[in-house]
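Sending over a structure as structure tokens; questions will come in a sec.
Chain lettering (A, B, C and D) follows the sequence in which the chains are written, and residue indices restart at 1 in each chain.
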Amino acid sequence: MIDRFASGFDPFVIPFLIGMAFVLVYCIIGAIRLILQLDAEDKKRFFISLITPKTIWKNLKDLFLNCLIHVKLWKRNRMLGFMHSSIAFGWFMLILLGHIECFIYMPHRVKLFYYPIFFNYFVAENETTIGGSVIFFLMDFFLLLVLTGIVLAIIKRVRSRIFGMRRTTKPSLLDRVGLYSLWLIFPLRLIAESFTAHISGGSFLTIPMNMMFKAFLGDQMNMLPTWWAYSICLCIFMCVLPFTRYMHIPAEMLLIPFRNAGLTIKHARRGFAKAQVYSCPNCGVCIDACPMSVKKANIKDTTVYLNRNIRRGNEKRIEEISDKCLLCGKCTAVCQVGVDGPQMRIAQRSIRNYGLEQDYSGIDITPFKEAVAAEASPDRVLYFAGCMTALTPAISRAMESVFRKAGVDYAFMDKDGGLCCGRPILMAGRFGQARQIIRKNKEIIKASGASTLVLSCPICYKVFREHYKLEGIRVVHHTEYMLELVKAGRLSPDAGSDVLVYHDPCELGRGSGIYEQPRELLRHTGELVEAEQNRDMSICCGGSLGSLTLGFDKREDLTRNALRNLKAGNPETIVTACPLCKTTFAMYSDIPVEDIAETVNKHLK
Amino acid sequence: MKDNIVIVGGGIAGMEAARQLLLLGYKPILVEKSDHLGGHVADWHCLFPDMTPAQDVVKGLVEQIKDANIFLETEVSFINRMKMGYNVMFSNGVNVICKAILLATGFDLFEASRKEEYGYGIYDQVMTNRDLERWFNTGDDKRITGKDIKKIGFVHCVGSRDVKAGNQQCSKVCCITAIKQAMEMKERFPDAEVYCFYMDLRLFGKKYEDFYIKAQMESGVHFIRGRVSEVSENMQGQVIIKTEDTLSGKPAKITLDLLVLMAGIVCNKQAVQTASMVQVQTDSDGFLKSKDNILNIIETGSKGVFLAGTATGAKTIPETAAEARAAALAIHNYLVAQS
Amino acid sequence: MMDFGFSISPSSTMNLDKVDLTLYDRLCSIEPDARKCMACGSCSATCTAGPWTGMSVRKVLLDIQRGKDKEAAAMLKGCMLCGKCTMVCPRGINTRHLILSLCRIYGEDAK
Amino acid sequence: MIYQGKQKIWSDYQKEIPDNHWFYVRSCIRQSFFPASERYFLNICRDLLGKDIYETEHHTTCGGIAYHSDTIPQETAMTIVARQFALMKEAGYKNLVTSCITSFGNYTEILETWREFPELEARIRENLWKACRREFDKPEYLAHASDLVYKFRHEIASKAKYNLVDHMTGEPLRVVEHIGCHYSKMFPHKGVGGAEYPCVLSGMVDSWGGQVIDYPERRHCCGFGFRQYLVKANRGYSIANTHKKFESMEPYHPDMIITNCPGCPYFLDRWQYVISEMEGKTYGRNGYGIPVFTYEEVAGLVLGFDPWDLGLQMHQVAVEPLLEKMGVPYNPKTKYLGLNGKEIMKPGLPTVLKCC
């Protein structure tokens, strides 16, 4: 290869340089800002993760698999996965190969920033290049790959259903500019490279194109304008990128190390939260996933719109969206970049100003504590049914019966009512108040001297596990506990012939990762069928305490939809493991709804 | 014999309508899904406001409709609309072509177990108004027989006036039934304290207020204004209920030996199905829809299909009977106009 | 002002003519369901916080309807937002959000 | 207000009041609060109307204050009252007229109790005999002094020099009448016009040219309430009641208040000062209070007696604006001169309430 131009420069690279410089400066400044916004503890954690080999490896792996290959998307829909990875990976390979090419043939030009990008314009083929036909082939191959992706993307715009997406977001004006410039970049590159293929060499795609152009157009006048157009398109795309959904490309490169460093959302609008907002590709996968979007309702209240409104600073909508959500976490389960919808919303709720702050300092728990302490025993199991279970006495009664049948020495902590666990107020974003309650409950539990705490309510379970830090006390949900008893041979439920379906409560499944224990337990008691969508794809019952604003009348459709999903396998009974799900389903279900404790208890002698 | 008339439902409304139609010279066909006539009233013991035995009322009516064609343990399988009437197929295989259909399908008593927080079917000492009437009739119920009953509670509005139970309507008769049963219990357990937990006392009917005063003055029933929210059980198997005494503004707790839930009147689900065969819809309150809710509660949007009794909403027995008579007359007028 | 060793006792009568319903009207504008309450007391009876802090949703609503904003505020401070009241309400009022809204509009007053 | 409706009630509650020959018993506290009132009552009745009214220096308190303050039992009060009856018997009178409303209430209550429980009367008779060897007859008629003035209101009106009208405009004065609670609230048929709409004072106001105003708290207590005032810890409740009355009458802009009880004029008068000091609020025009009068004082003014002879300088709330409105001449220089022409002390001035 030899230089076609001694200067190695042509004015058409200027637009590209401008775009590149802009996007780089913008992203670097943005990244630095976000990192600076982290609090001291998080910052430290982040920097340590950057030099820890394990996290470095994980970061690289995640970056490659998520940003380039889009493995999650592949799992969701192959067409969608292929489209994204063909563009992302293909483009990445084009850039990489361009650099390799440049490095091999024009090492003295590598330092020119634009040179590898417009390599084919600046070089002319000579005999030394013959060995490079493999690279030429690869270049054409990846270009073809990207072009296929682009074609698919265009089809997807028109017919999103083919890609398994019923509903998607509407792109903004800038999004469209970005989108169209992105679509144009690669066809233009193809044409531009084809024009120069007889000089700089090409392969199966560009050479025939070159010949065709020669046959039709005959002159070289079109060569320079296409390179200009190519460069301008790149410039447009890069200049609008920070203001469009394509910001997710650079943002995700920051989000992945953030997440791998183990950060949590500390502030509603800064640091980690902001990284999540920018990482949202606005794909709208969460719209179909959202349990509230039944019958096309509440579509604009999904996580994608939360992110969009946070970027736009529309406070009124941010509030509406964050208050309405059930916090079921399904959007997070389906999200390709892992935006934590519930946490984001709780964070938004937490920065709200209230004229009246709850205060529990006046609560005197001494008598309660003393009563619990009077019966203290290290072997005793402490049973905390939770406030919701007070409305479903069948659950607590079944649990008591199970305890007795298994010969467990237990104490029913809140038989006559207890304090709230703090999770509901935490969900409302009132962290200080939640801490007060947690402190009080902790004192009571510590006073009991018990070593195991069994909970019936997943809402309690989640907060007890994550926020109580009860050293020396094992916190288990009754599903886990009963399974342990069964495994230890202390309970032996007789197998029945009932056809059961298990509903994964949000707080227990997605919230605490307990999917297998209840199923294993239920297999002991009957025939288990699965719902259409189950485990981490389970649909919220609609009764969630997560939502602050969703009224009773607005929830019926959600519940009916969840019931429809559960009844896919024609079960005789719906089994769940949450008092709230039970109450909610029981209102509309035409088949019996019971708690797993009741099911197990029924099958015990 | 004149034209065929099919009456669906052998409760008070169905029987009273049949009686009137017989008097008018028709021979109606009455189908009843259970094995006896009288509907819910047949399960009852005594009726307010004069403590008339329910059996007398039912027997009196049954006696007077002997001449009608009565099919017990029979349901309507399907109805086909024809040019001049309806073709009705019964589950016993009988096929009838009739000119008029009277839907006297009545109501369902709300399933008290659906309000789990009240513990029906979970705690031993919780029963419904129907269970209590059954005990009045049979004297056999393990919740009462042989038990030392010192405190009895009645919870009004169970499954009525409650969106969570899917029924926003007032069941109309529970207030007076609760007072009646409270007084009857007080008679049987003179030493017992009887409590009624109510949201509002709706005592609108003839002599109902007298009943209320009697309950206060003679029986000494305690009335507490507050809706029960939760029920739990103690070691002795007694039930502990939580409510708010809204008049003193304090949450209250009370231990009871027996809790009676005043299950309300909800629309008969099966009736909705039958009605849909003749294109009669349900109204927004979940009961069958009349042509007009003021002057024409008897007729429906479908020609030749009439309604009577609690199929259109909660009613007392005298109201039901009056409506049944009106329905009989409406059918007669309709048939006369047809021929 | 002179100190006589006593002051005019507040009236125990509720003067409904002089009740300031600003807060109630504001509440109804954002939570129209507040008007639905029939004071059955289910919420107060089931309240988790009630036995500890004296919270009663029914009373809070009544106090606000009677212009007794201070009393309502004192009670609201004891709410744990557990949402049980919302579950038992026979009229389907979203009491939990109603409480949150109230907490907020008290703030508006201060501004 | 539907006037005819009240007329109807008044006609149902008419009280028979004998024309002449009365045995008069004075009030404990009026003599110190309104020293001229009782004297002018006697003057008017005896000199102007030529009635026979007898009084004796031997009569004592009726025990009403002690009784209503829960310091003596009713039997004690009954015996005291029995002694007054004995004095009346000894003087040869059958009609008793009391100056004090509480006395009137006390006498009425005792007579009614005796009517219900004759054995109690017998015991008191015995007690009185044991205590002071006296015997008594129950009075044939019992009246309050305001009943008499009510009865003679037209005669007084015919002799009036001034009327209860604004002499500049001819408009009637707006008058708040306040009846003592014990006048007819306990025994409605013993008062003129009953308990709800007694007309004893409004009758006077009507015939002397004034206009009675009807305001929501018209029947409310002045706030004295014996225990409520006498126990300092309860005094806030006492003043709260007065405050409530003033708040209620304020929008009607009353020119004056006429009362027939010892406590009411005193508290309505003095509490205006206390309220003004506590709340900075006054109820009359231009920072003045609403002047409060006894019925005798009003009768005296109407008949043209000198305001200072009537003891109006003893009021907390200045009466001068009203005198000017009525056109009653007065000499500001002699306001604080005693009967002997020497200066009695001048009171200090309140900070808020305008007094002269």
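The working rule: contacts are C-beta pairs under 8 Å (C-beta built on N, C-alpha and C of every residue); 3 or more make two chains touch, one makes a residue touch a chain.
Nothing here was measured: the structure is a model prediction, and the numbers come from that model.
The interface with the greater number of C-beta contacts, when B-C is set against A-C, is A-C. The centroid of the Cα atoms in chain A and the matching centroid in chain C are 40 Å apart. The distance from the centre of chain A to the centre of chain D, each centre being the mean of the chain's C-alpha atoms, comes to 86 Å. Centre-to-centre, using mean CA coordinates, chain C is 47 Å away from chain D.
Residue positions 390-391, 552-553, 583 of chain A are each in touch with at least two other chains.
Residues of chain B in contact with two or more other chains: 117, 163-165, 230. Touching of two or more other chains is recorded for no residue of chain D. The complete set of chain-chain contacts reads A-B, A-C, B-C, C-D.
On the side of chain A, the complex with chain C involves touching residues 323, 352-360, 362-363, 387-388, 390-391, 417-420, 422, 424-425, 428, 430, 437, 543, 545, 548-553, 580, 583. Across the complex, chain B meets chain A through its residues 114, 116-117, 119, 122-123, 163-166, 230-233. For chain C in complex with chain B, the residues that touch the partner chain are 38-47, 50-51, 56, 58-59, 87-92. For chain C in complex with chain D, the touching residues are 1-2, 4-11.
On the chain C side of its complex with chain A, the touching residues are 33, 46, 48-49, 51-53, 73, 76-84, 86-89, 92-94, 96-97, 100, 102-110.
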